[in-house]
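A, B, C, D, E, F, G and H are the chain letters, set down in written order, and residue numbers restart from 1 in every chain.
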Amino acid sequence: GFASLDHHRSLRQGFPEVVLCEGKTQAQIVSIVRALLKRRGPLLATRAEPAVARAIRRLDRRARYHEDAKVVVVHDPKRVRRGHVLIVTAGTADVSVAEEARVTAEVMGSHVETLYDVGVAGLHRLLGRKDRLFTARVIVVAAGMDGVLPSVVGGLVDCPVIAVPTSRGYGASFGGLAALLTMLNSCAAGVGVMNIDNGFGAACLAHRINILGQRGKG
Amino acid sequence: GFASLDHHRSLRQGFPEVVLCEGKTQAQIVSIVRALLKRRGPLLATRAEPAVARAIRRLDRRARYHEDAKVVVVHDPKRVRRGHVLIVTAGTADVSVAEEARVTAEVMGSHVETLYDVGVAGLHRLLGRKDRLFTARVIVVAAGMDGVLPSVVGGLVDCPVIAVPTSRGYGASFGGLAALLTMLNSCAAGVGVMNIDNGFGAACLAHRINILGQRGKG
Amino acid sequence: GFASLDHHRSLRQGFPEVVLCEGKTQAQIVSIVRALLKRRGPLLATRAEPAVARAIRRLDRRARYHEDAKVVVVHDPKRVRRGHVLIVTAGTADVSVAEEARVTAEVMGSHVETLYDVGVAGLHRLLGRKDRLFTARVIVVAAGMDGVLPSVVGGLVDCPVIAVPTSRGYGASFGGLAALLTMLNSCAAGVGVMNIDNGFGAACLAHRINILGQRGKG
Amino acid sequence: GFASLDHHRSLRQGFPEVVLCEGKTQAQIVSIVRALLKRRGPLLATRAEPAVARAIRRLDRRARYHEDAKVVVVHDPKRVRRGHVLIVTAGTADVSVAEEARVTAEVMGSHVETLYDVGVAGLHRLLGRKDRLFTARVIVVAAGMDGVLPSVVGGLVDCPVIAVPTSRGYGASFGGLAALLTMLNSCAAGVGVMNIDNGFGAACLAHRINILGQRGKG
Amino acid sequence: GFASLDHHRSLRQGFPEVVLCEGKTQAQIVSIVRALLKRRGPLLATRAEPAVARAIRRLDRRARYHEDAKVVVVHDPKRVRRGHVLIVTAGTADVSVAEEARVTAEVMGSHVETLYDVGVAGLHRLLGRKDRLFTARVIVVAAGMDGVLPSVVGGLVDCPVIAVPTSRGYGASFGGLAALLTMLNSCAAGVGVMNIDNGFGAACLAHRINILGQRGKG
Amino acid sequence: GFASLDHHRSLRQGFPEVVLCEGKTQAQIVSIVRALLKRRGPLLATRAEPAVARAIRRLDRRARYHEDAKVVVVHDPKRVRRGHVLIVTAGTADVSVAEEARVTAEVMGSHVETLYDVGVAGLHRLLGRKDRLFTARVIVVAAGMDGVLPSVVGGLVDCPVIAVPTSRGYGASFGGLAALLTMLNSCAAGVGVMNIDNGFGAACLAHRINILGQRGKG
Amino acid sequence: GFASLDHHRSLRQGFPEVVLCEGKTQAQIVSIVRALLKRRGPLLATRAEPAVARAIRRLDRRARYHEDAKVVVVHDPKRVRRGHVLIVTAGTADVSVAEEARVTAEVMGSHVETLYDVGVAGLHRLLGRKDRLFTARVIVVAAGMDGVLPSVVGGLVDCPVIAVPTSRGYGASFGGLAALLTMLNSCAAGVGVMNIDNGFGAACLAHRINILGQRGKG
Amino acid sequence: GFASLDHHRSLRQGFPEVVLCEGKTQAQIVSIVRALLKRRGPLLATRAEPAVARAIRRLDRRARYHEDAKVVVVHDPKRVRRGHVLIVTAGTADVSVAEEARVTAEVMGSHVETLYDVGVAGLHRLLGRKDRLFTARVIVVAAGMDGVLPSVVGGLVDCPVIAVPTSRGYGASFGGLAALLTMLNSCAAGVGVMNIDNGFGAACLAHRINILGQRGKG
């Protein structure tokens, strides 16, 4: 078959295998999702086009599509969310990546707050809300173009910062490469970097950090 | 003057400004270190050549040089170390980067353990010591050449993983670029990536994660 | 004319010229295929869109289109297949590249088996089927994103391993470049690398290796 | 001969041809400088190693070597300097590039002030001296590593900002490429970018801007 | 919300926040524009597709769409324009970038003249109009392909030159990268470079330079 | 206006300005072509889509469209063609680039012959027609993918060789970059390289070489 | 410790762990080699500088240093060598990489022949010795600069071809990148590519192929 | 052996094999040169360090070393030189590349003239000597940094132009890459490009063009 599902992942890592829809045919996605739904855990499918979302809804009426995040979710909405993840963006154009992160972290069980469009072209927007930064346990910062916001946030706070370069920009932004390099070279120490547009991965890491000390291992 | 020290950093982020010696003249380094020592906090100077280390020792006899890590340290060795950071390398050639991370995290106050030279060319070396992976609160994985080890570790554990590409390798490793790209594209979710050879930054992030839930914010 | 067919290839290399459809007009493809079919050997046309496949079928009713592999084939299906080529993929999204390899190797005369979607995000999927790896004469491993699977397979087996980076992924995968570099820098020795998405070439090399020692030259 | 001096430049652009020593033999430099000194205008030689500086001093005792800037100068030190150029650096390691800019602008006739080592890792160092930014006619900002400082300065001021990426950094800084891309993609509008380490060029542009409106063309 | 408008920008930098439409949904743009129009200052929206322009016109009948520049403008057309910005292009294909610059600079209050399609393939077109170059206070030069025109202009004039690489070209132009590198390495001193296709940014910088010495700060 | 035609080019270089249609609007092209046709010389418009070709035909009924070459031509077909340019391709997919070169060189006045699809995958196709190579005055070789053919041709002949990389290929061909680098590094001396897909430029250079020694300057 | 030796490798893959000296300190190498020599199998240490070779000889007098290949070997020279590996180079400058491959393959047990300096600048050197190509079971081709030789060899033979790009060349060879890309895009099917200068890896793969069909698995 | 000399080259291409010393050991060079000298033709050895030059002089007292060009030559200085090749450079730093071209072309039999340091930073230096350009049969233009000179020359003349990018420059010149890209994208048609610093290759091509029409083939 075209798929070998990792049914052990939930035990090993606390959440079942997530479906990355991009690069798979709709038939493949439907077959994988059907197998996952049988296990009755939560379902997360990322990079889902509307047609894919509709196909998944036909399998399970509880499925909810977050269009801006391109994510399909089946989960128990009443589950208590823990800790405090803050997601920040530099611009409005980075919001879709941030939303992929927000939905992912919430489905995994984290409490999430957001602070969008506070890039350094108008620095007072960030400095005026420093309290928002200081109360978070872990901060995700998404930025395209020059990608400078994680360096600025990283210089202000003492909690872990996760930087997500986005592909927003043009010309010498080279599809997010400029922002990626900025973040990797951040002069603020303690900033971990994700792949371009990888809101999903940022949320996984943020969630793992967020629940630390609240589980056995603390 | 050539330097504007950030004497506020200790308050803001719990550790004074760290001196990156690379790119500064010895005269500049000595002047900066002298100013920092006056503040009586701990001192950390990274990327220090032996001659620089000797110059710092002339300023303060307590200074200790970790030659493999190229780090100079002045700190209270009796301070209790908390939590559990595990540092893993794929090969022997990655050890100097790992040691930069180890010394940094320890000086900042983390308890650190190491597991070196367990790359996938001989996978049983890692799989035979899975218990070492499962007991850590946060894991730093340094690897050069193909940089695959963080993906493998990331698929096994449920704690945060920090990947550090090293510049070890030749040809199409392009000074660590190959390993960097591997790590950014990790198919294991929840892996944060640092700059090439940035053991220091990995340790900062690992330490921040490690002490979470043990401070007020938990 | 726009083509100078290499009618000598079958003699020289045991299989007639293969038609790479990408980059040719349909008129050119039809004219080339017609000339090749006259020679009565097997026909292989790769990177064929459905419309091209239909046009070829109009020339010869025996032509079979493998849609997932985008390959058109005219050959004697009853021919005995020799040896043992194993084709492995890291994910579901790499399957189309793997299928290009499978169809090619089979048409050339190799016996092929497959093991799909066993990447290191769930390593037990591979380790639980090590026997599949140990019985092959030669293994083709296709992987996108981080491209780590060939390194892991290469560390386990003692037969030749051929790595095929795929363009699956996004952001810093740079269209397969990340996976390509990973494979070129593999810390497991004895891994040969093909162009990105080049399932066809991987199959040619695997087939040549597979039949070694079964022909005169052994 | 190996050189065709542009003796017309002083008339055309207000300053004689400047000698870029890097890439020329000492014999070539000496011959060019001798020809320029005959014209009795000011002399500026950049990227001059100490040995080259000594050779020039043997030609003209008035020559002064700025070692940190690697610049040799012959000019009338009593000339009045006009306007107000501010040169800012993110770190101590960027100071040599900034000094190349400072000496160049001063020799050309600009009044220059400096503000060094005020990068965003300790943002208060910049914000606490905003007045310094607001009184300048034009600002040059040099930064290596992540290169974020020009974006932050550019968001605060309303005068022209010239960004100079420096090659300071390691790993994915790629010799200043990361900082260069950051600056080209600056989300703050109105930032012009120079080549990596090109303090000389930044000063030329800053000087041209600085004297605008004070010459006929205003 | 998805946007945190910088209503302070007009005070700080003399012109309200400009809307970069690329990368935003039409709903986001409309909401942002509506908020900005309430403030009654001028409005500038760049990279606006025709549909976006129509949506803005529905909000405010005074909105004018410059189709070649892809810019929407609401402003007082009778406002006096000051100084003298000259915009030059190498070819006809660079005109749309130049027009983005022209409209931006005019809306901000600069007097603009243009000289289009005078690249070095026919150098007499430029040399025959040198007077046009000599009377400008600041010159913007847009060029694609080899991007050589700014170097040539920069060698002739003594005013500030702003170079804008365009993405016009094919093959090894790599989307404007070739022209960008040419301009960064310009052998003519005093040339500041903008991002590829960034006519807007070039105009901001040109305008700031143009009005210098005409405001208090002179 | 958007164009400053170089009406002097015919005098200076023996052929009027050629219109590169790519990157221009149809309205711009029509206006430029109309102005050029008034001068009554030959007309050459490259990279012309069919709709553009039709628009030009409406201006002048003599205009002929070479669809495979994407070139529109108005010229005197009875003009005698001189010398001997040979155009060679490695594959069928390179023929469109070769045809751009053929039409250009013929319109300029060169006698052209072609030898298509003789790449080294079937080397005998080239070696069997060495006489074709030895009788040419100048040879243009177009190749995509690995781009090796110019090196092989360059090693056999003693006339000038012009190499044109094409964008044919996939994956690590990076849009023709691989072939371009191959050609620049050719171990056969005396090979000049053109931009990727630049059949037009190759023809200009070949034509200039071809007519040498037949004009005054010989 | 800094090393975790893979003592199981000999069982798993038929040859003990090979020491890559580059990137390790001499103390580390000596300690690793001492541990390996205790196991009494053969020893292979690559990228060994003369001083390292001398240090190893002090541990075991049988150690032999191949200076051109930079390889240290301890093995039973009387062991019978099997099969037939042919190693070919394009130029003299590629010989050191080829020698690393030759020594490695011989120590592992393969019979090796060589054909050096037969690049396509003088193609008759290769064509005149085609018999050498036709009798090999597997061919390794090392080439720098344009890297075209593997494509030419690959078009002539029907056995597996392994291509090794070398870093020989300058300018746009970019340290072997040009040759690497050429080989990855080879129009001759069935060519597997190794990392730049990786003679060792090429030999591992060639040896694995060479002994196929001579072991149980045939 | 490590070399297979191409003794047929003189017959095939009119000049014996040229020795590229870079990348060869002195022992290899001496052995190759000795074999070539036996043939009694002219000798050309490029990229020769002074020590290599001395070793060659010990083999043949007629050998002359051009230190600036790093070329060793044995030839008949009284041979008549034909035609007219003009070699132009943008700056003084490009002269060594130009000299490699000059010596090569002269040894091959071309008459060469030079025009050095006439880059566009002082355009009148070139325009004032247009006659020098108009009388040449073929022009070689070497330029580093922005590499714009070939475009300017190419727009003025009607003879073939060969562009040689040099590695002179810093920062974003990336070792000559910027100049290379500029030249490949030249808006002046009919410019052929060589590898970075490849004065030798430029001379080979220029010589082949220069003697056209003066040999049989005209």
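Going forward, a contact is a pair of C-beta atoms (placed from the backbone, for glycine too) under 8 Å apart; a residue touches a chain by one contact, two chains touch by 3 or more.
Everything numeric in this text was worked out from a predicted model, so none of it was measured.
Engineer: Which number of steps is the smallest that gets you from chain C over to chain F via touching chains?
Structural biologist: Step count on the best path from chain C to chain F: 1.
Engineer: From chain F, which chain is the farthest off, judged by mean CA positions?
Structural biologist: So the chain farthest away from chain F turns out to be B.
Engineer: How big is the gap, in whole Å, between where the Cα atoms of chain A centre and where those of chain E centre?
Structural biologist: Measuring from centre to centre gives 35 Å for this pair.
Engineer: Whole-Å distance, chain C centre to chain H centre, using C-alpha means?
Structural biologist: 45
Engineer: Find every residue in chain D that makes contact with two or more other chains and list them.
Structural biologist: 91, 121-122, 156, 169, 171-173, 177, 180, 184-186, 189, 195-196
Engineer: State which pairs of chains touch, listing all of them.
Structural biologist: A-B, A-C, A-D, A-E, B-C, B-D, B-G, C-F, C-G, D-E, D-H, E-F, E-H, F-G, F-H, G-H
Engineer: Which of the residues in chain D come into contact with chain B in the complex?
Structural biologist: 91-93, 95, 116-118, 121-122, 124-125, 144, 168-173
Engineer: Mind pulling up the chain A residues that touch chain C in the complex?
Structural biologist: Its residues touching chain C are 1-4, 6, 8-9, 17, 20, 22-24, 28, 32, 165, 167, 175-177, 180, 195-198.
Engineer: Which chain G residues qualify as touching chain C in the complex?
Structural biologist: Touching chain C: residues 12-14, 18, 135, 137-138, 156-162, 180, 184-186, 189-196, 200-201, 204-205, 207-209, 212-214, 217-218 of chain G.
Engineer: Considering the complex alone, what residue numbers of chain E touch chain H?
Structural biologist: For chain E paired with chain H, touching residues are 90-91, 119-123, 127, 145-148, 151-152, 154-156, 169, 171-174, 177-179, 181-189.
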